[in-house]
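Next come two complexes built around chain A: one with chain B, the other with chain C.
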Partner chain A sequence: MSTKELRKSFSPSYFALEDILASQTRVPCKTEMNLANCGFLDPSQENKDLAAGTQVELPIWAARVMSKQKRAFVSLRMPKFYSESYREVLKAEPAVVDLNKMGPHYYQSALQLCTLPSDEADKIAESLPDILQKRVIAMADSYSLHRSVKSTDDISNQLGNSLKFHNMDPLEVEIFNNSKNASEELDDWLRS
Partner chain B sequence: MSPTPEELEFFAGQEELEIMPRFDCPTMWLISGDLGPFKAGIPNKVPLWIALHLRAQNKCKIIPPPWLSKAYLEQLKELEIKSPLFTKMPSEHYMAMAKMIFEVCPQDIPDADCVKLLIKDIWDSRMSKLRTAVLTFIDKGASWAKVDNLTQLEMCSIRPFFTHSLEQLHRFRKTIQVARLYSAGNSSEEVRRRLRM
Partner chain C sequence: MSGMYGEIALELIKELDRHKGKLPPFQENELRQALDEMQILFEQNQRDVSMNIPGNPEFLAALHLRHAALERNKQCILAYLYTRLKVITDLRWDHGPVIPAEVRANMTEQEVQFFANYNKTLANYMGSLGENHGLDLTQDLKPPKTLMVEIRVLQDYGEFELEDGTSVLLKKDSVHFLPMSQCEALVQQKIVEVVQKQKSLHQK
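Moving on to the complex of A and B:
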């Protein structure tokens, strides 16, 4: 039987696990000055200090602190999955892209990337609603089609255009699972 | 939070219904209100759950509500199929009420099989209409939707999907606006706080 717990939509907060996990996405950064005692940031080198011009990858939460406009220790680029070329792919055919692979928390990380000082931030933000919109539509029919179906993979073989379950972002997985549970509950009730 | 079908069935049990008692009983004082007095053969209004309870013990005959009839439902089905919008249902809980009555006493309803089929047809046609409506709504990029004449149970079928999708879309759109402010150089406390969300 389905669970009767409250179904809440995800909304980030200081304690939201998804939000914390999303802030782990790594951002490629370049140091702008010599950073004393920061050698540990680049495991490949043995110096105690980090020289200017070194390429390092920092998680979003660290990059945000290090790149503040007034005291920019590092300059940063957007991660490759959020680059122009990947955005183009997502724009062209949002429903077939494997968001799960592109960063387990694609959407949430993207929202956090918008807080970083970068010219691309608002372009990334702009691309998000369209992507989710198209993908949600692709997901729409699959959750209620057949209750024995455990994932959308089985159906997508028949339909062709559905969103594949293992391609979903956690955000989409949550919407999908909630919808599936509710639709099964209704089915159960109608049949009882 | 959204009500489950079982909870809605409970609400449907509060709807009033006429019964023809087969027993005599003085007024009953219940927390939700007084019932009766019942006199054999004289129709009386009671909540659905009591009606079904009495019917199960064969203590009354249920007089089906006027909308639970072949003629009315045929008309309604016609309307529903023709209209692009949702037509108003005779009862907020038509599906649950029909289901509960049919479970206990299909023999009290004239043309029971036919009525059952009609209700199912109406339900199906509304559900398919609802599904296309939901997809068009998301497709058009709306962040809110007005749905008239939908019954609670029908909303159950779209609720977590529709509301959660729209909510996330709305959240993303809000972020665009704030990100624009931010990249335009506005890094006030307010903007930063909203960006964190």
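Moving on to the complex of A and C:
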């Protein structure tokens, strides 16, 4: 049904729950000037104002407003899981990383992080398709998408290159479920 | 110290995300708290704008942050209400015009009203279709799998001529295998009913 499609969709819908959840990922920020009445952003201190040079973590939606290039109140770094060292790991062994723990909306958050003013943004954008592609290939290699497979954890894979179900990002779970359904439908059609 | 803005409104979203496609109880308390937070944010911004030294960037930060928080709260609340309504409209297609009692218990008065109106609109529209016969759009949501269908006759009808010229005798309780397209009208008039197969061959 079309309504169900809409709910799943990401960018075109203001109402997409996933988009809202993904934009809650916290970004490490450093204040570039004294910020009046913003003391509450740093729970470790009790001052009314936030001094220049303080480290705070803001959700993406707040970081976006505070770091606008024309009027940058804060400068930001990319979150730990999107840093170069983690990207290196994902590049080397994409299938063994637990994106569910790192995300849980790893890809969706990344799409939003890419729009923030940071030198890292382009590199993250570049790394994403590669990571997803390799992980989906690993997914397909590891599990025959057969009806008997309830979840990917059912099969103990001996190859050591398996993508575990509970390590998958919601996007990957969706790809997996869709692939499984399509494969079943093809089987049904061929058999009838 | 209070936490970050928008946390309560986000709880609404998280709750819906936990119950994908279902209708959890309406969180009136949280909704009210989120609205209260918006009211405070708005008043603080109003106050700051009226007394601020123009262009002092130190004060502007809080102003921008509060405005973003207002937008954020608004998005969360609207997404919450909208997603619930989506679930409710889907109910009409999956369960028919009567809401199961356990779902109704989780709905607000306004949502019940919305469902009734949706029902009415849909019924009016369906009634306007198909040359005064009406057409139940909630039937046959999936395309038919076969051209032929097995039917059981509910009342004596007599001879029924098919498009290819042959005719069958529709007698009460007799069972026939007919082209789907030609017996739809008979089904609608309750002269025959479709025999539900336990499992069609393709579905195992």
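Following the convention adopted for this analysis, the second predicted complex is superposed on the first by the 162 of 192 C-alpha atoms of A that agree within 3 Å, B and C clash if a C-alpha of one lies under 4 Å from a C-alpha of the other, contacts with A are read in each partner's own complex, and residues count from 1 in each chain.
The criterion applied here is as follows: a residue touches a chain if its C-beta (ideal position, glycine included) is under 8 Å from a C-beta of that chain, and two chains touch if they have at least 3 such contacts.
Computed from a predicted structure; not experimentally measured.
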Quick check for you: in the superposed arrangement, does A:36 touch first (chain B), second (chain C), both or neither?
second
Touching A:128 in the superposition: chain B (first), chain C (second), both, neither?
-> first
* To do: Tell me which partner A:15 touches in the superposition: chain B (first), chain C (second), both or neither.
  => second
- request: With the two complexes superposed on chain A, say which partner A:73 touches: chain B (first), chain C (second), both, or neither.
  value: second
*asked:* Between chain B and chain C, whom does A:191 touch in the aligned arrangement: first, second, both, or neither?
replied: second
Q.
On the A-aligned overlay, A:59 touches which partner chain: chain B = first, chain C = second, or both, or neither?
A. second
| request: Kindly classify A:179 by the partners it touches after superposition: chain B alone (first), chain C alone (second), both, or neither? | output: first
Contacts of chain A common to chain B and chain C in the A-superposed view 4, 6-7, 188-189
As the complex stands, chain B meets chain A at residues 1-2, 4-6, 9, 99, 131, 134-135, 138-139, 141, 153, 156-157, 159-161, 163-165, 167-169, 171-173, 175-176, 178-180, 182-183, 187, 192, 195-197
The residues of chain A that touch chain B in their complex are 4, 6-12, 69, 107, 111, 114-115, 119, 121-122, 125-126, 128-129, 132-133, 136-137, 140-141, 143-144, 171, 174-175, 178-179, 181-183, 185-186, 188-190
The chain A residues in contact with chain C across the complex are 1, 3-4, 6-7, 14-18, 20-21, 24, 33-38, 40-41, 43, 46, 49, 58-59, 61-62, 64-66, 71, 73, 188-189, 191-192
Residue positions on chain C within touch of chain A in the complex are 1-6, 10, 13-14, 16-17, 48, 57-62, 64-65, 67-69, 72, 75-76, 78-79, 82-83, 86, 89-90, 93, 141, 201-203
